[in-house]
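Next up, some structures in structure tokens.
One chain, subunit A, appears in both complexes that follow, with subunit B as partner in the first and subunit C in the second.
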Partner chain A sequence: MSAYLVRRLIHLIPTFLGATFLAFIVLQLAPGDFLTRWALDPKIRPETIALMRHNFGLDRPVLVQYLIWLKNLLHGDLGHSFMYQQPVLEVIWPRILNSLVLVGFSILFLYLIGIPIGVYQALRPYTPGDYAISFLAYFGIAIPNFFFMLILIYLLVQFKFAHGWTPFPIGGMTSQGFEHFPQWRQILDVLWHAVLPAFVVVTADMSSLTRVMRGLVMEVLGQDYIRTARAKGLPERVVLYKHALRNAIIPVIATIGGLLPTLISGAGLVEVVANWPGMTPLLLDAINQQDLYVNTGIIALSTFLLIVGNILGDLLLAVVDPRIRYG
Partner chain B sequence: MGEYETKSHWQLVWQQFKRHRLALLGGGILLVLYTLAAFAGFFSPYDPNFYTLSPVYRYAPPTPIHFRDPDTGRLTRPFVYGIKKTLDLNTFVERYTEDKTRRYPILFFVRTPHHPYTIFKVFKTDLRLFGLGEKATAEGARLYLLGSDNFGRDLWSRMVYGGQVSLTIGILAVLVSLVLGLLLGGLSGFYQGTRIHLALPLISRRTWSYLAASEHRGLGRVFRVAFRFVLLAASLAFWVGLGVGLIYGLWVLTGYSGLGEQVVETLLLVPAALWAFSRGLFRPFTFDPDDLVMRLVEILAAIPGLFLLVTLRSVFPSDIDPLMTFYIVVAILSLIGWGGLARTVRGMVLSLREMDYVTAARALGVREFGIILRHVLPATASYTIVYASLAIPSFILAESGLSFIGFGITEPYTSWGLLLKAAQDGGFASFADRPWVLAPGFAIFLAVLTWNFVGDGLRDAFDPRRRR
Partner chain C sequence: MKRSISGILALSLVLASAALAQAFTWPASWTRAKPGEAKRGGTYIEATISDFRTMNPFLTAEAGSIPDRMTLNGIGLVTRDPTTGKWIPYMATSWKVSKDQTEITFKIRRGMKWSDGQPITADDWIMTYRIHMDPKVGSNLRDSFFIGDKVVKVEKIDDYTLRFIYPKPDAEAFAIASFSPWPAHVFGPVYEKQGADGIKKMWGLNEDPAKIVTWGPFVVAAYRPGERVIFKRNPYFGEWNKDAAGNPLPYLDAYQVNIVKDTNAELAAFLTGEIDQMNPATVEQIAQIKKAINAGKLDATLKVNASPIASSQFVVFNWNKKSDPFKEKLFRSAKFRKAMSHLINRQAVVEVVYGGLGTPMYGSVYPVLTQWINKDAPKYPYDPEAAKKLLAELGFTKKDAEGYLADAQGRRLEFNLATNAGNKQREQIAKLFVDEAKKVGVKINFRPIDFNTLVGQLLSKGPDRPFDAIIIGLTGGGLDWPFGSNVVPCRGNLHMWNRAGTCLDPRETLMEYYYYKGRTTLDFEKRVQIGYKLQEVEGELLPIVYIAGPNYHTAWNNRIGGWHPDKIISSIWGSGELPLLFRAK
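So, the complex of A and B:
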């Protein structure tokens, strides 16, 4: 097991190097750099820009910039943001926490609701309830997340026009006067803001999770050992929870490791539409501003977590399924 | 006497597909959507970029269509009223009301000589399914089925034209990623385990005997030996390049380092360079094509999808030719999409290449590329078709997202995602006044939903365990 782990971790290095190098090259291929738009400002002298470019290291060859970035990474230094004039980690860290709240919340939703729904469908297949849920699941897959969020916001705004208040806040992460709230109220406030975006994020994943869960449970219920368990007179509850579910849930557990990077990379365009100050808006800003090290930092972090998440998923699988052994 | 009917694989699949009601429904709706997009000019009353500056109808609501004559109250042919524009002096928002004094009937199969269009860029015509006619348009009357946008352009016409981009981009991206995935996945699986020589060892008896030996005589032999010395020179260049590159890297890196770091870097990189250099003298440098392709797939899969999309798109300036932008978006989408297919195809090819019929083809002297194309890849057809039909909707979604944040299609072309972008302009409160700008989102939804229906139907039809 430990030998396997070491092998996987060593394997991680070239993939990580490749991915970050690719990102670095691609980011540098974009025409111009962070200082290009400054050059249009007649108040700033060209010499100043040349000096700043030198100070930022933007006049060095790309390969050199990458090597230096890599060297600093080994010291735990992700570089300096041009736009915010802060270390990259300090820029990214609060955004990571914000995204974490939103995505963590939605993942909790996902598993608490998705698994029971899938099991329910598998226990009553081909009934109106099953068909209704399957049909809803199609909607969840087909509706673009950002569009769903737009519709919800539209409905909220209409509700506000009609009644003067809203059951959920319209976009944003905090209410006015957030700084003066006591801590418990701050937490509640953020969660209250997260409900709708989290709901939207969940819809797409929920559809596939219920579908997978339904298929898995149905397959297991058709196995011989379930018939045996029933034949020896076990109560249906024991058959379901001890014999069927424990086996059916294994592939779902394998996917949990894959969730790690989404915790960091955030909820995608939902964050943009809902004005949630998470990772995706930060990345889009940084790309537009060509804030090189923020970009590379975000990609490096999420790439690292993606790879680690895959390894964790495999390990988790070995823990829950005794049939799987890694030599 | 029972007669047995035999059915081919494809007949069986088609028979199964026909029994999947949702898939048939989806197929039907898709047919309608694609027809609308293909004959966009015919189905849209206006040119997608048509707007006037006087009067300018910014965000006009959908024009109400009347079926009853206001005087007699009897059913009559559908007509619309002219538009009266007023400015709300409190909010400075334009309000549009009906001008009941002017009535314009909706004409069918109307010609618009001043606004011709082309079908497939070939046939030029000006026949439109419906519209108010050019005279009514000149008088300021408009038929906005779904309202207008910030320039006063007809949203329905723009949506129909946007469908051309949104609906084809998925198919094009799937085609490109199919070619990439099948080719690279197929090659990677078929040649897994073979070693490709990048460079020959310089100090090795085998290298020199290989270089000297030749079955040819005379001039042929001279060419042969000459070619092999080119190989040798290339190998030499490879090794020298590697060593020099490492030394150069060290030199550059130490130029930006403090003294302590310089020592560490020297201690790390000099031995590495020496080792690489000396190893090249004695042993060949080889690689497995399978390793190369699969590492590439892993690297692409390691970067979160949306981040990779946005990053790749940012390479190209936003002011390049709009048509070029379209192709770039296709290229980026397929670059992201081929990896998963390649990985699965590789796995299938790994087992397929051991099949007896492949050995038979080999024994018959079929060229290896021919074996891959004719005997190995067709066996992955059913998986590939299902993959394609389920990848198209995900590409449509990806394109809409990219265009929505302004990283995709650019004006004057339009796509459903780009049209939705208008909903974001001016904040939440203002788009509550014009809900019709959300319409393109429902088009995305419908297209993705129906493609998923079709994909699921195909998957069930190809799966022998799900035969009904």
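So, the complex of A and C:
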């Protein structure tokens, strides 16, 4: 087992180098750089731009820039943001925490609700309840997250016009006066703000999870050992939870490791529309501004977590599935 | 007994020092509030589209940054009176200009204090200037201390006297001197010990707000990344800033800026009363605000078309096309460019692109700078017949098989036009231009390209540059001398039509001459006259074909009072003065 782990960790190195180098090259392939837009500012002299380009190291060959970045990475330094004039980690850390709240909240939601719903559907297939849930699930897949969020915000604004208050906040992560709240109220406040965006994120993922869960449970329920269990006279509850669910859930657990990078990469455009100060707005800004090291830093972190997440997923699989052994 | 006497003594000392402060009175003409109407306390909230980058005044690069907001948009010794546009003393009490107009000596107002209670003296300006000037710091303000290649020097005469020494008389002398001071007792020790690297590490967004010091009305109290920044009142500001009745300013306890991701979110926040002010940019936004006000859902004031914005869209033709002598000759011809100007239907552009809320442009001076506009400078408005005539004079009389104009040698009148992809307004302008041109037989091949590629082409140098024509825009223009220092002079890097490195047309040389003449004239009226002449030559040469720019609109929630009177609401002066705003409801 430990030999396997070591092997996987060694494999991590070339994968990580390849991915980050590719990212570095692709980001630099885009024409211009962070300083290009300054060139159209009548107040800035071209000499100044040349000086800044030199200070930022942007006048060196891409390979040299990459190697310097890599060297700094070994010292735990992800580079310096051009936009913020601060170390990249300091820039992205608060955003990662913010995204973590939203994504963590929605993942919890997802599994707590998605798995039971899928099982419910598998137990009563082709009933009106199954059809209704399937319809909602397809609706969830079909509607783009950002658009769904926009509709909710529109409804909230109309609600506010009609009644002068809203059941949920219109965007943002904290209320006015947040700084003076006691801690318990701060936590509740953030969760209250997270409800709608998390709901939107969940609707999209929920549909695939319930569909997958429904299929898996239905397949397992058709297996011979389930018939044997039932023939033995085991109560349906035991059949379902001890025999069926434990086997059906294995592929779902294998995907949990893959969630690790999404925890930091944010909830996507929902964050933008709901004005949630997470990773996505920052990443979009950084791409727009060609803030090289913020982009590379985010990609490096996600790559790293993706690889680690996959390893974790495999290990989890070994825990839940006695047929799998690594040696 | 003894104690109370010393207490009285101390109290009278405090009173004496407060009385010592030479106050600046904010004129009643800068606010629409009636005398005595303003109340104290409360918070004013506005929104910004992009997150802040830093609290460090030496690293900040964007307008509307945190340091800007703490210092009333970066003013200092002098500020402008929005009712006249003239420079008036602010943190200075007076100034004296030397005979040769290359030295200005400022008397600094006495009794001013930083938000930590330390006195503000000449040393603060000197230290601020030194740090801005250090190329290793990379301050955005460094370039403003250069006139051509020569540096403006700042000298301390005594604690309350500063002298600015200019290499030659300069139109922007006061603008240069207006930079905001920062506390020498905070930045000085770090700079002396650790140099530029020490300065760069200071006042990042994660800095403890207690360490932030300013002279301005509000100082940072809290910042939440991607969400908001909250400023609290600086109690020392009111010691030397008074309203017309002598009350200390600002009236508000706090000032807050919410960070929203786009203008839709900003609009939603304004409509629901989460923010107190916004400048709607599109017809749809204006319509929604109007609808909410009319339906009684929002108690707000909306000012539509308050003024044009200092921003322009234009077409520039490339004079450096050695590889294509036919096009090079064409683009260098003023007649050709005038014909193109006649083909741009500016009214249609205003209607289609700005929904009727824009202003046509015919020259480089932004229409909002009314004092500077020479109404008699030549204009070439939409007139396809006049365009046809000018093109015929250039030899384009026949039409070829496909119906496009061609000259005697059968060369078709055809060129490429580019703009940055994704800019809908510019793409719409280009399409209108292409359609009008087609009607008279000019073939324009329009292709939007990536912004950075476009900039690369526009700024390329030499006798053979890789584009025909580009639609692009610039923003911002000086009120002191509204002509670009790197646009008009032939060697300027934004002399976009001709980057050969020398003037090619005698009228370019003449424009350059007037540019420097105006730039080195300190007297405002004389300068305006030179600006008029420059515009006349520009009209003859028409190096850039200007099209149109958007208008400025503003709206505020009526629970905040103290906004500008109507006549000084504009894109230049904004909708109000922060220290004069107050919570009315």
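Methods note: the second predicted complex is superposed on the first by the 326 of 327 C-alpha atoms of A that agree within 3 Å, B and C clash if a C-alpha of one lies under 4 Å from a C-alpha of the other, contacts with A are read in each partner's own complex, and residues count from 1 in each chain.
Note that a contact is a pair of C-beta atoms (placed from the backbone, for glycine too) under 8 Å apart; a residue touches a chain by one contact, two chains touch by 3 or more.
This is a predicted model, so every value here is computed, not measured.
Superposition note: with subunit A as the common reference, subunit B and subunit C are in steric clash. Looking at the shared chain after the overlay, A:P46 reaches subunit C, while subunit B stays out of its contact range.
Within the superposed three-chain model, A:I151 lies in touch with subunit B and out of touch with subunit C [touch as defined at top].
When the shared chain is aligned, no partner comes close enough to touch A:Y241: not subunit B, not subunit C.
In the superposition on chain A, contact is made by A:I307 with subunit B only, not with subunit C.
Touch criterion met: A:E90 reaches subunit C, while subunit B stays clear of it.
In the superposed model, A:T36 lies in contact with subunit C only, and not with subunit B. In the superposition on chain A, contact of A:N98 is made with subunit C only, not with subunit B. Of the two partner chains placed by superposition, only subunit B is touched by A:I141; subunit C is not. In the overlay built on the shared chain, the residue A:I298 is in contact with subunit B alone; subunit C does not reach it. Common to the subunit B and subunit C interfaces on subunit A are residues 30-31, 150, 153, 157, 161, 170-171, 272-273, 290. Against subunit A, the residues of subunit B that register as touching in their complex are 249, 252-253, 256-257, 261, 295-296, 298-304, 306-307, 310-312, 314-317, 393, 397, 400-401, 404-405, 417, 420, 423-424, 428-429, 431-432, 435, 438, 441, 444-446, 448-449, 452-453.
Within the complex formed with subunit C, the subunit A residues making contact are 30-33, 36-37, 39-46, 48, 51-52, 55, 83-86, 90-91, 94-95, 98, 150, 153, 157, 160-161, 166, 170-174, 176, 178-179, 272-273, 275-278, 281-282, 285, 290.
Those residues of subunit C lying in contact with subunit A across their complex are 45, 50-51, 53-54, 56, 59, 135-136, 138, 140, 142-144, 146, 200, 204-206, 221-222, 224-227, 230, 258-262, 264-265, 268-269, 271-272, 274, 292, 295, 297, 450-453, 455-456, 458-459, 472, 474, 476-477, 484-487, 493-494.
Within the complex formed with subunit B, the residues of subunit A that make contact are 14-16, 18-19, 22-23, 26-27, 29-31, 60-61, 63-64, 67-68, 71, 138-139, 141-144, 146-147, 150-151, 153-154, 157-158, 161, 170-171, 261-262, 265, 268-269, 272-273, 280, 283-284, 287, 290, 295, 298-299, 302-303, 306-307.
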